[in-house]
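Beneath this line is the structure, given in structure tokens, with notes to follow.
Going by the order they are written in, the chains are A, B, C and D; count residues from 1 in each one.
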Amino acid sequence: MVGETMSATLQHIDIAAIREDFPILSQQVHGKTFVYLDSGASAQKPRQVIDAMSYVMEAQYANVHRGLHYMSEKTSDAYEVVRDKVAAFINAGSRDEIVFTRNATESINLVAYTYGRTVLKPGDAVAVSQMEHHANLVPWQMLRDAHGTELRIIKITDSGEIDFNSMEEVFADGKVKLLAITQMSNVLGSYTPVERLAKFAHERGAKILLDGSQAIVHRKVDVQAIDADFYVFSGHKLYGPTGIGVLYAKAELLEAMPPFLGGGDMIASVSYEKSTWAKPPHRFEAGTPAIIETIGLGAAIDYVQGIGFEAIAAHEQVLTEHALATLDNIEGLRIIGRAQDRGGVISFVMKDVHAHDIATLLDRQGIAVRAGQHCAEPLMGRLGVTSTARASFGVYTLPEEIDALAAGLQRIRKIFA
Amino acid sequence: MNTSLYQNAVVERSRHPRFAGHPAVFDLHGRGANPLCGDAVDVFVTREGMHVAHESHGCAIMTASADLMAGAVAGKSPEEIAALRRSFETTVKTGRENPELGELNALAGVSEFASRIRCATLPWSALAEALDHG
Amino acid sequence: MVGETMSATLQHIDIAAIREDFPILSQQVHGKTFVYLDSGASAQKPRQVIDAMSYVMEAQYANVHRGLHYMSEKTSDAYEVVRDKVAAFINAGSRDEIVFTRNATESINLVAYTYGRTVLKPGDAVAVSQMEHHANLVPWQMLRDAHGTELRIIKITDSGEIDFNSMEEVFADGKVKLLAITQMSNVLGSYTPVERLAKFAHERGAKILLDGSQAIVHRKVDVQAIDADFYVFSGHKLYGPTGIGVLYAKAELLEAMPPFLGGGDMIASVSYEKSTWAKPPHRFEAGTPAIIETIGLGAAIDYVQGIGFEAIAAHEQVLTEHALATLDNIEGLRIIGRAQDRGGVISFVMKDVHAHDIATLLDRQGIAVRAGQHCAEPLMGRLGVTSTARASFGVYTLPEEIDALAAGLQRIRKIFA
Amino acid sequence: MNTSLYQNAVVERSRHPRFAGHPAVFDLHGRGANPLCGDAVDVFVTREGMHVAHESHGCAIMTASADLMAGAVAGKSPEEIAALRRSFETTVKTGRENPELGELNALAGVSEFASRIRCATLPWSALAEALDHG
């Protein structure tokens, strides 16, 4: 099995070369080879991203949009080029549909504060699924409490897929005006059928916001083909730096939205009495942006596109199948989430062993996994667990690392036997 | 692998705790919860003889710590318990065993796992809460 | 004069060594020596900051606060240590009074959205001065329009200082509950008397928010000695990375404030019906924070403290005096802002030459200055100009660079003669 | 220093514009403003003979551009002006002079100053606005 898997992997992707790009992967942890299976929380950074950021700071830095001097112009260009890159990356209709934020969380909150408090009216409903990350639940709760919108929850099936019967019910009375839903669960690894969800929402007069935090890393995203109204993701999960995220929204939606934060760069004119707003996307980017990080994100997108999503998806599929088969062989281990369409994020529980103990004991073997509620506390309730352990994969993950995980879990089983 | 913390005493006490349960009658109750991981422990105190029972929903370290605590504090006064808690917290932070802690020293190894120290100390916060405000 | 100035400078600060730390300063621009006089917009980054950020990405990276594994623990530690550093740097009473944001702009908006919409009531007034950056004006306008607070403007004198008569008037009816004011003008270079302002506000039942974006770079700040209620600044002006800013607020104020953004890490518990919030500062830090940038900010603070504020202030004073004297000697040049207590930010206009033309023509000589309204459009009206040129200094600025500026300006004068 | 853009023609026309002013009578008005820098230009058109006057509050490049524009469009039809605008914008972006632009070529050098191109094109947007919606 492992031999087979590996050759399948190696057909698609030159993993050895990729791993060379990530300096951290050659670190040791507790004297053991470092096995990083926590990319779903945040991915490691390739040399190309680190270098791009260092280059800005060493050779081409100044504040953007404001200066009439060389360094400022060059830096503004380098910054704005990333907007084009992001637009092309997700096939936005226009670069002006790309707003830079800190992370996916801020992107969703931006929509909740602006679109949510103006276009959505008290009495309108926002629908989310049972498998949302807190980032796509709490902002809608806060909107409910501040603005009088309703919050409705779409059920998932036991296998971890969207329950379309529940969707019908939630949308039945026509009050749902926004469906805010993940494209890939950070707990179950399920992909959601985004085209179908968008069609479903649009046919019922609702807009759709997609949380692409997990999916963007694994799949080619085409916001126009999906017909997404809003799409959000974070740079740090896409092999880019922290401190930079993206909000995509259709131009006509952004046009109609009031600003979120007030300050420099988001205004057209300011007097003490009244200010007028710049056009999108600048209307939503107040103050000095994350210049260095945006340029780092550009390098990350180049990096990912250099590998290509066909190769990335094939590699992920091989890893996921290998991991599911291998983990299923471990006695007392139960994988949580069995969606048909699923990717390289795998949660599991072990009989008689708490997830935290699993994580700590794996860590001692150099293996990094997540354990806990994964910022999805209500989903834990739905699944009938208090926490899970989770292994998640990146472009640099090796089938052998999954074997190391399995061996580690077997050792843990013995301790608790 | 270096698993010194997960020695038999800890694993054993977490799997077969001696003081687990929710007594029908008790004088004081305290709760400790770590929202970041979902761990929770309820502590029930019968003042007479300082009998402590616990209901633990959490990891091996927390459960073992709750159970070892219940054993260690039996019959002690609140002041003695407060002193014991301080010694215990020092030990789990520094890793230095302390003869006065007896069986509780089984948890000294948690010092190597910074993010897990809270698991070991959570039952003690719950007990303190019970004794303070019960 | 120059010789004198230089030796005064060199007594306080080893500029040659400092300049070695900033790789960008040895760049050429348009074939000329690069003279960077735009530090007020954003400062350049020392090697120490660049290295600290690279180190995280190369050797010690994972998401913070969530992992039970080695890399996550180490990264969380490195991240949280910076909170201690910032607290010590501004002498906060507690590390829990330090909230990380993207920049000063976000810090002010955070206060406007949370404190502003709960503690401040419709009919209460917020007072700002005539010399605020848009970042400390627009959020209060937005609050006014959304929440019904009033916005009042405190006048400045012709020399660019706070007019305390105007203060008295603005506060006279007791409605002002928040004074939001800069500690140093980014146009006029004036410092404001912050202790006096705080006392003034407190005696009248108002809180004070200080915009320290410019001042923090030049002066030792002690928020307890000032008795500031809120204090904000950005990392990128303090020789740190972009994407990271700070909000300081007194513990009891933070405790009483509702959250700003919803998502991971800011909650205590989440159910579909109701969520409860984490204690400050985490309540205000939703989602994956700017981990790499926070660590970079820590390195920047170490760097600045390594030089020491006594030396920095002395160096700035020498530069400023030299610059004022030198520029005053240029015919047709008028310096805008003549406050008694002023620092290394100098705006000027030239007869018959528009500020933009000055900036472009200086740029061709390798000299970077700002020109425009400096995100302070209403202040331009107050000063009776449409724009100014601005030279601003950093720890690496040389007296010779000011001489280069003066020579450049003389050449421009000839073109327009 | 490389100041080719600031040749005499540009500096001269900005300091002593020939078509500056706010006429008492005019047919069409257009305004261009760059909020980032505070530059603003008002353009006043008398249809008869396509006389253009401008009031410029801005830099030398904008003022010279407005004045050279007013000279270049005199007597032209709106269609000819639209074509001229396209040629002018190409020249200020590429730096390639174009014989049909005549005096307007004085601004070709702005292509080297990316952030200043807008200064040169702003009067043309104001004129287009006047002709479109006047």
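Quick note on the criterion: a contact is a pair of C-beta atoms (placed from the backbone, for glycine too) under 8 Å apart; a residue touches a chain by one contact, two chains touch by 3 or more.
All of these numbers come straight from a predicted model, not from anything done at the bench.
Engineer: Touching both chain A and chain C, which chains are there?
Structural biologist: Per touch definition, common to chain A and chain C: B, D.
Engineer: Could you give the separation in Å between the centres of chain A and chain D, each centre being the mean of its C-alpha atoms?
Structural biologist: Taking the mean C-alpha position of each chain, the two centres sit 48 Å apart.
Engineer: Using CA atom averages as chain centres, what separation in Å is found between chain C and chain D?
Structural biologist: Here chain C and chain D have centroids separated by 38 Å.
Engineer: Which residue numbers or ranges of chain A touch two or more of the other chains?
Structural biologist: 30, 66-68, 72, 267, 269, 356, 360, 371-372, 377
Engineer: Give me the residues of chain D that touch two or more other chains.
Structural biologist: 35-36, 113, 116
Engineer: Is the way these chains touch best called a line, a ring, a star, complete, or other?
Structural biologist: Shape of the chain contacts: other, as it matches none of the listed patterns.
Engineer: Can you give me every chain pair that touches, using the contact definition above?
Structural biologist: So, checking each combination of chains, I get A-B, A-C, A-D, B-C, C-D as the touching pairs.
Engineer: If we count contacts the way the header does, which residues on chain C are in touch with chain D in the complex?
Structural biologist: 30, 352-357, 360-361, 364-365, 371-373, 377, 380, 386-387, 408, 411, 415-416
Engineer: Would you pull the chain B residues touching chain C in the complex into a rising list?
Structural biologist: The touching residues are 35-36, 113-116.
Engineer: What part of chain C is in contact with chain B in the complex they form?
Structural biologist: Checking each residue of chain C against chain B gives 65-68, 72-73, 76-77, 267-269, 278.
Engineer: Please give the residue numbers of chain C that touch chain A in the complex, ascending.
Structural biologist: 23-24, 27, 29-30, 34, 36, 38, 41-42, 44-45, 49-50, 53-54, 57-63, 66-72, 102-106, 108-109, 112-113, 133-135, 137-139, 141-142, 151, 153, 234, 236, 241-244, 259-267, 269-272, 274-275, 286-293, 356, 359-360, 362-363, 367-372, 375, 377-378, 381
Engineer: List the residues on chain D that touch chain C in their complex, please.
Structural biologist: So the residues of chain D in touch with chain C come to 1-3, 5-6, 11, 15, 35-39, 57-61, 113, 116, 119.
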